[in-house]
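Chain IDs A, B and C follow the sequence of writing; residue 1 opens each chain.
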Amino acid sequence: MATPLIQISGLEKAFSTNESWLGQWRLRQGKLARHKDSVHALNGVNLTINQGETLCVVGETGCGKSTLARVIMGLTPPSAGEIHYLDQRIDQLNNRQRMFFRRRMQMVFQNPYASLNPRMTVYQTLSEPISFHNPQLSQSSVDEKIDELLESVGISASSSDRYPHEFSGGQRQRISLARALSVEPDFIVADEPLSALDVSVQAQVLNLMMDKQEERNLSYLFITHDLAVVEHFATRVAVMYLGRICELSPTSTLFSSPKHPYTQALLSAIPRLDSNTAQPIRLIGEVPTPTEKPIGCVFQARCPYANQRCYESSPSMTLQSDGSSVACHAIEEGRL
Amino acid sequence: MKKRELAALIDVSFTLNRGERIAIVGESGAGKSILGFSIVNLISKPGYIESGSIKLENKELTTMNLRQLQEIRGKRIAMIFQDPMMTLNPVLTIGNQLVETIRSHTNISYKDARNIAIEKLHNVQISSPEKRFDQYPHELSGGMRQRVIIAAVLLLNPDIIIADEPTTALDVTIQAEILQLLLSICRDNGVALILISHDLGVVSKVAERTLVMYAGHIVEEGPTLEIINDPQHPYTQGLLNALPQMTIPGQRLNQIQGSMPSLAERPTGCAFHPRCPYATQKCKQEQPQFIYSGVSSVACFMIEDMLNEFADTDKEVL
Amino acid sequence: MKHPKKDLTHPIAGSRWNHIWSGVVGDKLAMMALIIFVFYCLVALLAPLVAPYDVSDPAFMDLLNSELPPSWISGNSQFLLGTDAQGRDLLSVILYGTRLSLTIGICAVLIQVTLGICIGLVAGYLGGRIDNFLMRCADIQLSFSNMMVAIVFLAIFQSLFGMARYQQLAMVILILVIGLTEWPLFARTIRASVLAEKQQEYVDAARVMGISSKRIMFRHILPNTLSPILVIFTVQIANAIVAEAALSFLGLGMPATEPSLGSLISEGFAYMFAGSWWICVIPSITLIILILAMNLLGDWLRDHLNPRAYKD
């Protein structure tokens, strides 16, 4: 039985688009009123990440998947909702209280050219977190640990005096992973870690991540738009659209029988190598920017099966017979 | 400091037939974009074409002056870039830019030009083109901008479209639509296409013939389907095998060791030999020549030796 | 041991200095400017050794020798550049004046940099209301001409504490006034680079590690914003020297007994049309060459410290 490691419930995040206090005052019907314009990046996300699993979050640009990662890691506070690590609530902690969880949860970033400080050598990059979180370690044991870490991600320990720009993109991503592993976490959020890498190098990094997972019993929250990687790597997949999760299934179930109309369109659009795949399902219009909190189903504007109910009330996740959960009125009503 | 010159492309040759769709595939740093730019002589300084020739029908492009080249660019050969904002001017409306393009090459009235522009916008499946005509580039989404670029490219009926990673910045669903559009436009108008991409999946959807590049060389050339189903060169094999869909989920992926050398560190002999599982002493010293393997043309000693062996046994049998 | 104990704070990559150095060697104008600047610095440092006369010697000032023209006019090789109205050897006075001007310039800019870095980092990194407040302060500071602030302040000080006290403290006060009035330039530049660097993922990575804001600001972000600081640094030294010269020219700078280049020019100006032009012209040329060299150096740094040019 899978034990939940991270539990997220009702998570919401809105970004205010008019930051300055003066800009928030508007004349409305002859009265001066304060009004904040905002973009709703997350609109009630419920998600559980089990120990030792890889949960992939897929979605298109602007669906809120990166925001989800940042909120979980405490880089930006949520507007509403709760995040639990095992049985402790972690979304309202201050920096000091969060310190314990910083060691348990780490992150790997998208851009290997920006995620390493260009003015710090690899040694400095790695020694900072190690000596910061283990002040009792002696200099020589820190050095030892760094060498060990570097070798374990396939970087020769003798190159630890070099600066990031002397490494290739794939090597930098390995160093990023080494940094995340340096505090021995049991949960890693990876925000599109492969999207800046070439295919042959992607395979190297993905293999490395899988090896580390096996070695250390890591849990991953893997955020990506590359469905081929998802199919290969994920234990379960969450499909996100406009700040909500519309389908959550075990990987093989999702790829063999996608249920939500959006998932179906997404899967049909992957350019597969075999040339005889069916025509991609064309969706109407484009992903809107959620300036208002959406009423009804987030996908209603582009959904070919939308009816009145979809415009009025938001569907909730319902468990299907094959183990997947889908948020769709059409499926609930048996129309699809 | 001593100035060094680095070769980004070495001994690259290929032909593009009228109405044919080819793809240039490779990882970043392989020289595929530079190849695309070289065709229309758009290489920025300090780069230059050291030797070789590029012929459009019978006209030599490398020796043309700027005016002649400008006549060719756009009218005969058009380019689509990864970032549409490289081509679109952010302070002019979409319509103005399209009309300007038409009127700079042909002598027609604004009204006629407008009608043509709207028709072309309609052709690239932009909804309510009359409304879009008066909008600025920033008001459109990425996919919509790329459609506008394709419309702009179509205005002058070019013979060749060079598309450099046209869908890399787009989401999968939009990517599928743009590829579909590009394909149908090339088919319907008999336009030849050079698609530059790193994504073999994208290439397999569009191109009839594929060139695989590695470190400035073309290492394999042949029909797209043949290359995907039966890759000959060890690099192409590695590239395809590294794709996640080639392994059973949960298994380790087949990776190619190491990474592509930079221009300055290119090894001697076959550029791929340090990463090649089949490399021999010969590969380290000599540059392999192109040879037709029966499936595709490959520059690899292993294939050459294999073919020679077959030929020898054939002789013995005879 | 493979890793000798390393200083983690060491902010600048060796490669950056190598890059700058190889660039300077390749560019003749930059090379010349650098040589001139180094020459001035050496002269300033070694003034007591180089100067033909000791300025602290009571015999140094000899009215009998006043207003002697330079040696190539008078043929008298005793005073190479002639003497000033008090009979001091002009060469010695200029050497000491350069020393003073450079000291004031560099010290004032060090104050500006320190203030600017702290305020710019805090404003850029923390953002929000603190940022708003600090940047409005900078605006207010900038809306007063620094010359005006300096004049008012120095005039008040002179009248409050008297001339004698002022002459004692002149240098310190000048450094403080010039230093405190021009920090907004640094603060704004640093804030702009911090805002750009803050978006980079390495800052998020440090935050995820739980590194404190202070450490992130000074150890992670600051080293990455040093390039623009270096550029303004050189140009600002030139500006501070000019500001000091201008104040001295107006009679608010260094006293005549301890002349900087500016007060020399001011003093010599009175004799300009009396035929003793050298007392004013020679210090002026010295000053102009120094300022020109600093500005050339600053321009060159600005062109070559463009991060894109050397990061890869």
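Operating definition for what follows: contacts are C-beta pairs under 8 Å (C-beta built on N, C-alpha and C of every residue); 3 or more make two chains touch, one makes a residue touch a chain.
Chain labels with UniProt names: A = Peptide/nickel transport system ATP-binding protein; B = ABC-type dipeptide transporter; C = Peptide/nickel transport system permease protein.
A quick note: this is a predicted structure, and the numbers were derived from the prediction, not measured.
Student: Would you mind checking which chain's C-alpha centre is most distant from the centre of chain B?
Tutor: C
Student: Closest chain to the protein's overall Cα mean, using per-chain Cα means, please.
Tutor: Answer by centroid distance: A.
Student: Distance from the CA centroid of chain A to that of chain C, rounded to the nearest Å?
Tutor: 50
Student: With chain centres defined as C-alpha means, what is the inter-centre distance between chain B and chain C in Å?
Tutor: Between these chains, centre-to-centre, one finds 54 Å.
Student: Roughly how many whole angstrom separate the Cα centroids of chain A and chain B?
Tutor: 32
Student: In the complex of these two chains, what residues of chain A are touching chain C?
Tutor: Residues of chain A touching chain C: 20, 70, 73-75, 95, 98-99, 102-103, 105-107, 109-111, 114-120, 123-124, 127-129, 132-133, 139-140, 143, 146-147, 157-158, 160, 163, 165, 176, 179, 183.
Student: Once bound in the complex, which stretches of chain A touch chain B?
Tutor: Within the complex, chain A touches chain B at residues 60-61, 168-171, 198-204, 206-207, 210-211, 225, 227-229, 231-233, 251-252, 265-266, 268-275, 280, 282-283, 286-287.
Student: Which residues of chain C touch chain A in the complex?
Tutor: 1-3, 5-6, 8, 11-13, 15, 132, 200-202, 204-212, 219-220, 223-224, 311-312
Student: Quick check: in the complex, which residue numbers of chain B touch chain A?
Tutor: Its residues touching chain A are 27-28, 141-144, 171-177, 179-180, 198-202, 204-205, 225, 228, 238-240, 242-245, 247, 249-250, 252-257, 259-260.
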